[in-house]
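A short write-up of the structure that comes next.
Chain IDs A, B, C, D and E follow the sequence of writing; residue 1 opens each chain.
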Amino acid sequence: MHADERKEAETIIRASGVNVRKCMKCGKCSATCPNFDEMDIHPHRFVSMVEEGDIFALMQSKSLWRCLSCFACVERCPRGVEPANLIEAVRLEVIRPLAGNRLRPEAIPALLDEKIPQQLIVSAFRKYSK
Amino acid sequence: MKFSYYPGCTLKTRAAELDVAARQAAEALGVIMEELPEWQCCGAVYPIARDELATRLSAVRALDGAKRLKNPLLTLCSACHHVIKRVNNDMQTDDDMRAKVNSYMDLDDPYSGETKVVHYLEMLRDEIGFDKIRERVTQPMKGRRISAYYGCMLLRPSTVMRFDNPENPSILEDFIAALGAEPIRYPYRNECCGGYISIEARDVAREMSRKIMNSAVKRGADTIITACPVCLYNLNENGTGEVPVVYFTELLAESLGVKEPEGGLVHAR
Amino acid sequence: MRRVRDMMRSRAGELLKDGAVTRVLGWKSGEFYYDPTPSFFDTEESLDELVYNGFSAAMLSKYLIEATKKEGRVLVFLKPCDTYSFNHLLKEHKVDREKTYVIGVGCGGMLDIEKLRALGVKGIESMEELGENLVIHTLYGDKKFARGDVLLEKCATCKGLEHKASDELAVPDELWEWETSDRFARVSELEGMTSGERFAFWRGELSRCIRCNACRNACPVCSCNKCVFDNPRSGVIAKANADTFEENMFHIIRAFHVAGRCTDCGECSRVCPQNIPLHLLNRKFIKDINAFYGEYQSGESVDGKSPLTEFRTGDVEPGIVHERGGA
Amino acid sequence: MPINEEGAAFKPLIVAFCCNWCSYAGADLAGSSRLNYPVNVKVIRVPCSCRVNPLFILRAFQRGADGVIMCGCHPGDCHYTSGNYFARRRMALLFSMLDYLGIERGRTRVEWVSAAEGAKFANTMNQFAETISALGECRRLEDIRCVESEI
Amino acid sequence: MQKIGVFVCWCGSNIAATVDVEAVAQASLSEPGVVFSTNYQYMCSEGGQSAIRNAIAEHGLTGIVVCACSPRMHEATFRKTAAVAGLNPYMVEIANIREQCSWIHRDKEEGTKKAIILARAAVAKLNRNVPLIAGESQVIKRALVIGGGIAGIQTALDVADAGYEVDIVEKTPTIGGKMAMLDKTFPTLDCAACILTPKMVDASAHEKISLFTYSEVESVSGFVGNFTVNIRKKARGVNSDLCTGCGVCIEKCPSKKAKSEFNQGLCNRSAIYIPFAQAIPNVPVIDRESCIKFQTGKCGVCEKVCTAKAIDYAQEDEIITRQYGAIVLATGFKPISLESYDEFQYNQCPDVITSLEFERICNAAGPTKGKVLRPSDHEPPKTVVFVQCVGSRATVECGKTYCSKICCMYTAKHAMLLREKYPDTEVYVFYIDVRTPGKSFDEFYRRAVEEYGVHYIKGMVGKVAEEDGRLIVQGSDLIADKQVIIEADMVVLAAAIEPDPTARSLGTMFTASMDTNDFFTEAHPKLRPVESPTAGIYLSGLCQGPKDIPDTVAQAGAAASKVIGLLSKDKLVGNPCVAACNEPLCNGCSTCELVCPYGAITYEEHLVVDHGVRETRRVSCVNEAICQGCGACTVTCPSGAMDLKGFTNLQIMAEVDAICR
């Protein structure tokens, strides 16, 4: 494993607070995910890939921007693993260096309609940029 | 009964109906909602990562504000409730987080999760009681068939939120029944509507919200109620449009007779 | 305190008269004004000798062990701290509750004669106890004190004025209440010393011991029919101050014997003629028990297990003693 | 290594109380596996760690032991189901008291050793002997005038 | 003064290479009480043993110290040797100079020095010992079995066949337990009733077996070989002696709304009922909660129609006191409650059922007469989904951390039975792992896949939703890395199993220890798997841990053999190294009682004579038959009244002194 990648893996485990070894690979997280079909790497694989330190692939994953933070996987995991926390931690690793920002202020106006609630914009900023 | 009230950003602007109706209903029920002085936006999403500190501070400020006023903190928006409740839980259970936040905030009296965070619905259920509300209803919603849409934020993760049974909640159904309408249960009422993603991928959000609305309508719902501005936006904008989606507080104010229906049930949005 | 005494006399008189009790356990004047002595009263008339004042520190509950072996019911006056000892004696079946009638007496904190002496008091003839103020009439004139300044150590760190056992109370409304200090402060101070300093401290204190056994005799928990130190088959027999045994063993063993049972009544230190702060050994155990196994107050109630007769599977390992901070 | 007055290397005297079912068997296993540990470790067999009276430990120090270790079954594995749990509380309080009285930390120890842990037994004894060697002779509880008592 | 002989063993070169055995023998002669010492090549050999016997006789020894290998090896051997020579066998001490001396040290001088000290310690300990005599107690030749399922029945039959009386106490109205509810059994697919009901009949007909059904254990006292148990016989409302089991009362009972426990609530039963046709005893019970007579006072139909005059509304609970030598816990299991698993809609959709409910649906005597029909509309399901590990292997609060062990196999069975009866029904099984360790088990599972075409999908189900009368099952297919959605007509949940809730109170009553999951713990997980740590209490079946029928029957037989072993003795010889109370010293404070893990200590009022004082005191009494000799009480005793024979305070302190001298 690349040394940087190992460091990323450690950061992700620390920031997420997830003990990936608790996973028994039952797949209930992926079974429960409402946006499964939109993801290239699925919730259960986030757990195993973090365990294996396969972080760079996760950082490239489209799934980072498709996770809805609905916590269904967290709620239903029989072993308390919290896959959504891992996805969040990887996402942060991508957007924390500023170049990783997915949402730029100048792009906002085009996205808006008049009814969009503030909190949606705020959360989009929180989710997609730093 | 007195609460410090945290309205949150959206209720001050786009979701003013949610806020105004809630205040009117509370007044009618004898609940004092004192708006917290100097509140800030909660950030709308709970910072899951344990190394996120700054994004927790505005929630802690609100919690500490209520603590100093010796009031429980009342929330209304699902997102605000979720963020503040979970940050409060961090302050109660995570020693490291508590130490860092307190050393950053430099409060005279360190905050360690003393404030009780109460959602408006919990207030109705636990403080007033749905039976009492039933007695206070002046315009019962006889013959109405109403579905509740819970969304994610109020219920999950249940170990922290402790709001209701996360897989088979009943608080909104009990609320609907208290107003005299028939609650219509359907299995997707606690599944995500995809609201967050509507900025990025509207088609995805559309598919998800339609699945939810279809399920409710198929069972005969004539209205859907919710507590979340994002869900309301998403179901209204990206849903099937077959039935109106309104805030639960609007129905409450209406049936307590404290708010005139403007142009029928759903006023111009 | 005079109010209390009057209440005690009148109730005791009534109870003796109607035969509800056959004997009364209280205090009567000792050789000096400052040493009221535990005593039994059988008749109404004799109750005129019953005294209760700021020097009635001696605890009475232990006398019940023998008293309740006799026929009849004993009326006993218990100060709040004494009720803990009373409960402990009930818990260990040393006293028959049926044979006792407990009047919980109000307490305004007991006075330390050593402190008074140090302040130049001698030849005490009588005393007026006026709430927080104290006027002592001596052969050499009157002396005034703030009561809080001359309390016994055990009273300065009082556990509280609530009676944990009683059949009735004799507590007047206007009784003085005082601010107590942290009872573990001195223990913490010692814990902060180096190992060598602590050794020197204890060697200095314990080497003064003359093995008079006053601590053992006053202790409500030390109520064995036969003490291990008097028992040739215990392996630790030692009746006299023959060697360094006292410094090293006697008090450690005694403290361990009462660990988890000690009610922290403070009698051991109060009665010690050599002024050895023995309560600091007991309080160390209490402090550790509270820290390791959760707050526990012996004598709080008659039921329940004491910390050394129960356990939790997740208890701390003994190694914690060596790992935790301090010198 | 500390040197005593006679100039010989100081070999601390260590008394080890071992429960019959786990730790004594662990010590036997260390022996049958030929694992060395210091010669001055002497084992006393007791049925259970809960048989170890604090008195025995004080007695050992009084008679000149430099360190005392108590070994028992791992918590949860006690042959008598709960004995080691009681022992654990007693020892925690005793050790804390000895520390409070100024007896150097590290002269007392509790270790849970199963019948299968011969290596752990030997390692524990080696480490413990090292710790005690570093502390030197124990004088603070020793009763120099103690001779064979009259009992 | 003792006369002690010291015998130093060379153990070939095992000891002699590092220890100067001659020096050890010589040195020990100067110890107090030692009158003889010698050394020999192999002390445990016949030659060594006869040397010991001769020395005992010749020198009139009162005790011997053998310096040899660990007491764990040969203490028993040398005790026998001593006994043969007429010496009390407990006047034998072993100095372990092999495992704890010669084998761990290389320097002969050091080794010898240490061996001398170890010998000295053994002599010191022996000097303070006294001859010990083991107590004896009677064995009552009757066993109690608690639980009348297959485990209890099998244990009872085995014990009874050996000629001992057995009582079975069963809390429900019939014996048979969970096995009676099953349809077929894996891996042979023979019918459960066909193999169980003959055993039930055997049990009821056996002259040595007494059945106490609809009864519970109320309290227990005593100890191994001599337990006294109070059994509460709950009032049936029917006189068993008069009842002929004709069933007219059941037929005529107007209250038919109670849920049938036996059929898992899938159908109703009358207020007076027999759980199932083959129930034993074949005597009805009145369920007072649903009985109109008991609830309102008006009705009495059953009494009117009963020609045998067996109905007795006034019947009351009866307490029966019986004595036993041994007690077997066979309390069984139940599936966990699924109230925290609403993602599967168990509480919302009638067509989401548990596996045990499915057993009833499959069963010819069940609510659907053996036709597999949906509970909601009584239509045959076309697609059935089985979900494994519902609540098993879960570390979250609502689940169980262990594997329930039986689910993989019964699910394969269910899937196979469905496909056999209804070949056009599609069957899916969501699994995490398929666990099939057992004879012919994996072959059975593979048959389900290969011959019966059951679709096994590796993954868990995330959500079940009811839409248009169908169950939308959303699950993972981890091999395909896909989310699959199956529209099913029925979903069967393999709910985790847990010990029966009555086990906990029984465990407390019998001081039988339990693990965190409330399974009874065995005395040793490998070597004593059917004994509880408390003497005389044995474990049979699922109350000890998840197991299938073959394992249960095997364990039941093993428990029976242990019981037979105990009951075959006329007397029990105890371990004499037990606690003893010195009454004049005892304070009667109860502290020892609180720490005794066996309940061996009681308090009695005894006349105590102490230095001329005669008084009646509350003193502690140790029951030597129950005491196991751990010594917890001896340390907790404040006055030193409690001591442990063979390991007295003085003995251990003498050892300390000898070592430290």
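One rule holds for everything that comes next: a residue touches a chain if its C-beta (ideal position, glycine included) is under 8 Å from a C-beta of that chain, and two chains touch if they have at least 3 such contacts.
Bear in mind that the values here come from a model prediction, so they are computed numbers and not experimental data.
Asks: Which is the least count of steps on a path of touching chains running from subunit A to subunit D?
Replies: The fewest steps needed to get from subunit A to subunit D is 2.
Asks: Name whichever of C-E and D-E has more C-beta pairs touching across its two chains.
Replies: Pair with more contacting C-beta pairs, D-E versus C-E: D-E.
Asks: What's the chain with its C-alpha centre farthest out from subunit C?
Replies: Of all the other chains, the one whose centre lies farthest from subunit C is A.
Asks: When the C-alpha atoms of subunit C and subunit D are each averaged to a single point, how far apart are the two points in Å?
Replies: About 36 Å separates the centre of subunit C from that of subunit D.
Asks: Return the distance between the CA-based centres of subunit B and subunit C, expressed in whole Å.
Replies: Those two chain centres are 59 Å apart.
Asks: Starting from the mean Cα coordinates of subunit A and subunit E, work out the distance between those two points in Å.
Replies: Computed value for the inter-centroid distance: 48 Å.
Asks: Between subunit A and subunit C, what's the gap in Å when you average each chain's C-alpha atoms?
Replies: That gives a centre separation of 64 Å.
Asks: Which subunit A residues reach two or more other chains?
Replies: 72 - these are the residues of subunit A that touch more than one other chain.
Asks: Which subunit C residues sit where two or more other chains touch them?
Replies: 233, 235, 308-309 - these are the residues of subunit C that touch more than one other chain.
Asks: Would you mind listing the residues of subunit D that make contact with two or more other chains?
Replies: 54-55, 59, 82, 86, 90, 149, 151
Asks: What chain-chain pairs meet the touch criterion?
Replies: All touching pairs, sorted by chain label, are A-B, A-E, B-E, C-D, C-E, D-E.
Asks: What residues on subunit B touch subunit E, complex-wise?
Replies: Subunit B residues touching subunit E: 159, 165-168, 185, 187-188, 191, 215, 218.
Asks: Can you check the complex and tell me which residues of subunit A touch subunit B?
Replies: Subunit A reaches subunit B through residues 14-17, 34-35, 38, 65-66, 68-72, 74-75, 84-85, 88-89, 92, 111, 113, 115-124, 126-127.
Asks: Could you pull out which subunit E residues touch subunit C in their complex?
Replies: Residues 582, 584-591, 594-595, 603, 610, 615, 617-618, 636, 638-640, 649-650, 653 of subunit E touch subunit C in their complex.
Asks: Under the stated contact criterion, what part of subunit E meets subunit A in this complex?
Replies: 343, 389, 393-396, 399, 432, 458-463, 474-476, 478, 481, 483
Asks: Which of the residues in subunit A come into contact with subunit E in the complex?
Replies: Residue positions touching the partner: 22, 24-33, 36-37, 42, 44-45, 72, 76-80.
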